[in-house]
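Shared chain: chain A. Partners: chain B in the first complex, chain C in the second.
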Partner chain A sequence: MLRYIALRGLLALLVAFTVSLAAFFLLNVATDPAQAIAGEDAPPEVVESIRARYGLDRPLPVRYADWLGGVMTGDFGESYYWHKPVATLVADRADETITLALSALAVTILIAIPLGALAALNPNSWIDRFALGVAVSAQAVPNFWLGLIVIILFAVTFPIFPVSGDDTWRHFVLPAFVLGASSVPAVMRLTRTGLIEVMGADYIRTARAKGFRGWPLLRRHALRNALLPVISVLAVQLGQKFGGSVITESIFAINGLGRLALESILGADIPTVQMLIFVFAIVFVAMNLLADILNAALDPRIRIG
Partner chain B sequence: MLTVRMRSLCAATMLTLATSVAPAFAGKSDDTLRVAMAEEILNLDYNYTTKREYIILAQLTDATLFNINPQTAEVEPSVAKSYEFVDDTTLDVVLRDDVTFHDGSKLTAEDVAYTYNWINSPDSESNANGVVERWLDNAEVTGPNTVRFHLKSVYPLVLRDMGARIMLRKAGSYDANGEIDRDAMASDLIGAGPYKVVSFEPGTELVLERYDGYFGDKPEISKIVVRNLPDIGTQQAELMSGGVDWMFKVPLDLAESLGATPMAEHLSGPDLRVGFLVLDAAGYTDEDGPLTNVLVRRAINHALNTPEMAKFLIGGSAEAIHTACHPAQFGCDQSVTAYPYDPDKARALLAEAGYENGFPLELWAYRDKAASEAIASDLKAVGIDVNLRYVKLQSLNQARAQREIPAYFGTWGSGGTADTAAIARIHFSDSDRNLSGDAELEKTVLAAEQTNDPAERKALYSEALGHIADQAYWAPLFSYSANYLVSPDLDFPLDPDGLPRLQNAHWK
Partner chain C sequence: MTDIDATFAAADAADETATLTPGQVFRRRMFGHTGFLIGAGLIALIALVAIFAPLLAPHDPFAQSLSTRMLPPAWVDGGTWDHIFGTDQNGRDYLSRLIYGTRVSITIGIGAATIGLLIGVTLGVLAGYFGGWVDHGISFLLTAQLALPGLLLAMALVFIIGPSIWVVIGIVGVLHWTYYLVVTRSATQRIRNLDFVAAAAASGANPRQIIWHEILPNLFSSIIVIFTFELGIAILAESSLSFLGVGIQPPTPSWGLMIAEGKQAMFYRPWLVILPGVCLFLLVIGANLMGDGLRDITSPEGRNE
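What follows is the complex of A and B.
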């Protein structure tokens, strides 16, 4: 097991470095950080002084090697805009993104699993069709559009929640719904398929013969087995929530890692983008690893390593 | 990243859902002006920033030696009580004696000299250094309320630069106890402007309160809260729900649709930004190319329907221009040659130049895609085979630096400076933006920066702009428009220079 975890950890690092290398060169090719910092109309002498100040006039390989050397010693560099260590910046913002990602996952679970279970218990009924409709809609609707819809409905037309910000739990309700909705289709369909398969199994027939019906049958016998694949998907979805929070955080003005990523990309704040890519890649791989471990813990037949 | 158009479309769709709802306007009731800005505000010290949002905030928190009157474009004393040029390179400034910083301490001559000498020193690494070191040798305290500025050479824009770029700081602000701290004023700003900082959470919120000790006209609104809202749709929703009273840089279609409802008012004001085509008259890309022929360049000017571009594509208060500067800028002589839209004349000029069948032209652009396509379309209509290369600003800058661009659609905002120098110097002197290759023109443009006599400067700019027009080095297109959405309770006056001055806002 430990060897497996170490291997996956190594894989995560490799992924993170590969992505960071690609991002570094792409960002430098696509943008001029000095011009981005100075602004469109800044006089050339200002742009050049910024270029010299941040060492942006050095060759790209030298700059990347410099960054990599820093990372090896735990120094991810300093943000061009915030003028403070990127690691501190990311740590300061992580709380909001973790809160949003977990809230979104809770929304996914609260909607997708009951809906999937209802659809499985009533296959080909109107409930099943309704669940399918929800899944298709949630899959099709982009979250920037859904975000604006819920803001107008629940913050402007019916002012129940605040439009934007991250001060209280109420500020997280709408963004969590928007971010969580995108995972509903996968989890709901998987729950439905798993339950339909389980409900046809011999041990369920036995349980029925013993007099189990309805909710007790579902809770004690069916769900535990049907949700095994769902749990691993949820872990993967949680990883995606971190990277997927970019648009949602921007729409709802949440000061998390997603918004920081967007602002950093637009402003060509390369040290910040580099570390964020690093963090997102590590989180994603870690969540996949967690999914494997959870599966093994829940199902003794599965062994990893 | 979604395009502004896409966002606007979504926002407009949502508008129909919300128009039946009565808005709640919170700003007037608690005398707090809530402002939305998409740009993250990270540093309050304009001596270390450059972007427009920071200029707007600096107007609120900081004081300068001089102010530029937006109505007359003239420089007026501010912290300075009076000034005198002892000779062409020596400027004496007498300071007011009633100016205090936000911590209550009195502003002294030492503070003024310190600020200028600090920014002028390489150690400062200030974003204003490039502007100041061009003309300042040093600043010297000559009395309790007097400072003498020793200039390196004659520089007519010295008072303008002082008014627009240098925010006054207390002596020792950046290097107290010998330790340099360039971010000392980034969060804990001590300025001398009409508003003082109450709290600041970088990237999230800035709270300002009227400073009762301000020496000038005190603003009417007691409190300003600046919120960073990156998404224009969110800003719109906040405006509709009363969470925001003022937003700017609003796309025209969104501004018009929301401005037509009772929830917001659409204001459209001038912007010093102008759009123009720069033509490779010098032949850097092709020394015998068609653009080296003045008849071809005049034909291009005649081919462009700039009034319709301004009206339908830029909108608001945008207008067609025929000068290589904004009409509101000092020295921007409007009597120079104009080339009215006349495709037949354009075709005739092309034929006269020997290009009756047109010629291939690579046209570069980096913003305002609709306008770029309209330009290409107009040129195609007179027979020029345009290949529009719509690229990122970075790519255009690189290609221009390599002299690989025959023609590009450029824009310039002059940093909000209402003086022709702010656009002429960079586009017609020693810069890769200068595709005219005209050494005499460069001399004239630079000569206008070598005299303090306004009449002489105007004459020199008239000569330069007239020559640019006659030679059709540019095809001037249009001025831009600044679109705002504000609470119906807010009276927000717009100035001709396009700089939003929140300190002049008041409730209806």
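What follows is the complex of A and C.
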């Protein structure tokens, strides 16, 4: 088991650094960062002086090695736009995004698992069709549009929750719903198919023969096995929530990493963009690693195979 | 007794299916699949609107008119039948802009899904056919690509390179190939061990001939299925980019951009946001239903029948 985790962890680290390498070269080859900082109409001497000041006149591999060396010591460079260390900027804003991502995951769990379970217990009933309808619609709704519709509804028609800002927990209800909705189809379908499969298994028939019915049967026998794959998918979905926070945060004016990402892109602030891509990739990879480990820990077949 | 009759009837039905040509089975399944019919109908309708946009649009989608700014839709007080869906901030006819918006969405959908197809299928077939180190390398690339925060990287690249429809198509396409890879890789692994591939190899075919003549034709239906799904995904990606201001630029009518432009006035003129969102929803749900349907229709067992 330890060997398995170590191998997976090593692979995850390798992936994260490959991503950072790809992002670094894409961002620096596709553009001239010095020109971007100086502005489009800046005279060439200004561009050259900026190039020299930020060390952008050195070859790309040297700059990447420099960046990588900094990362090892926690130094992600200085923001071109805010003139602060990028690591400080990101650390200041991380908790908003963590709160948002976790509450979005909670929304996904609260909607998708009960709905998937109800659909599985009553296949081809109206609730099954309703659940399928929810899944198909949630997959096709543009996330930013859902956010605006929710804002229009709650600002005008039902003024229960605030529609912008990040001061209290009430501010996170609507954004969490919008961000959480995008994971509902995957989790719901997986719960449904998992539970349908389990309910047909021999050991459930045995449990029924022993007199188990209803909720005790579900809780003690069926859900435990049916939710195994769901747990790892939830970890993966949580990893995606960070990257997905860009849209939600900009719509609901939450001052987190997603909004920082949009602002730094519009400000051509490449060190910040670079670090955010790296951080989001690390979170994603870590969540996938967690999913693999959970899977192996919960399901002995994977560990042995 | 009735049970036995039913069994015979089922056996007869099975016999009848067996005597049909594959084309007849395909058509029968196609016209018996409600989801597919709805999805294909929506896509066909929107494609026709895109092709005949100049004939259908009642006004020039770019013509501004200061005297008719933000007219409401015809059925609301103050609306006129001359502008059925009202006008936008610049007095441009909203229906005409929605109609021309189909062109942007469909061009980007098809363009980006095709680029993704070329990358994903090439890598998938190579990994599946050659296995070994080729497979390991390509699988690593897949893991790295999945860890990339796609939207964030797309935003940064489009902004840096300079937003235009071709840049958006290229970048969305280059970032969306993983689904093709996963499916074609495992399908190729399965096909390459079948007897007809061994026969081709025995008769002296080289890997290139085997891939082109034996493997690719058998991947055709799964590729079409993924292409249909990717169409929807690419269209959503473009609309998100345009909404955030790093995609299609004004005055081109893109639905995502129209939602962004309508956002400032959305509390007083909600239709400016609602209408383009409904268009996006219908197009994407059409693609998803069609993809689900095609998968059922082309799978050997004909699921959901």
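In the analysis below, the second predicted complex is superposed on the first by the 232 of 305 C-alpha atoms of A that agree within 3 Å, B and C clash if a C-alpha of one lies under 4 Å from a C-alpha of the other, contacts with A are read in each partner's own complex, and residues count from 1 in each chain.
What we mean here is this: a residue touches a chain if its C-beta (ideal position, glycine included) is under 8 Å from a C-beta of that chain, and two chains touch if they have at least 3 such contacts.
Please read all numbers here as calculations on a predicted model, not as lab measurements.
By the touch criterion defined above, A:Val273 lies against chain C but remains apart from chain B after alignment on the C-alpha atoms of chain A.
With both structures placed on the common chain, the touch criterion links A:Phe161 to neither chain B nor chain C.
In the overlay built on the shared chain, the residue A:Val136 is in contact with chain C alone; chain B does not reach it.
When the shared chain is aligned, no partner comes close enough to touch A:Phe177: not chain B, not chain C. Contacts of A:Ala261 after superposition: chain C is touched, whereas chain B is not reached.
Of the two partner chains, chain C is the only one touched by A:Ala281; chain B is not.
In the superposition on chain A, A:Thr18 makes contact with chain C only, while chain B stays out of contact range. After overlaying the two complexes on the shared chain, residue contacts for A:Trp67 are found with neither chain B nor chain C. In the superposition on chain A, A:Gly243 makes contact with chain C only, not with chain B. Comparing the two complexes, residues 30-31, 144-145, 148-149, 151-152, 155-156, 247, 250, 262, 265-266 of chain A contact chain B in one case and chain C in the other. On chain A, the positions that touch chain C within their shared complex are 11, 14-16, 18-19, 22-23, 26-27, 30-31, 36, 136-137, 139-145, 148-149, 151-152, 155-156, 242-244, 246-247, 250, 261-262, 265-266, 268, 273, 276-277, 280-281, 284-285, 288.
Every residue of chain C that touches chain A in the complex is listed here, in rising order: 140, 143-144, 146-153, 155-157, 159-161, 232, 236, 239-240, 243-246, 256, 259, 263, 266-267, 270, 273-274, 276-277, 280-281, 284-285, 288-289.
Chain A makes touch with chain B in their complex at residues 30-32, 35, 38-46, 49-50, 53, 81-83, 144-145, 147-149, 151-153, 155-157, 159, 162-164, 247, 250-253, 255, 259, 262-263, 265-266.
The part of chain B that touches chain A in the complex is made up of residues 1-2, 7, 10-11, 14, 17-18, 20-21, 24, 40, 42-43, 50-52, 125, 127, 129-131, 134, 183, 186, 202-204, 227-231, 233-234, 237-238, 240-241, 243, 392-394, 397-398, 412-415, 426, 431.
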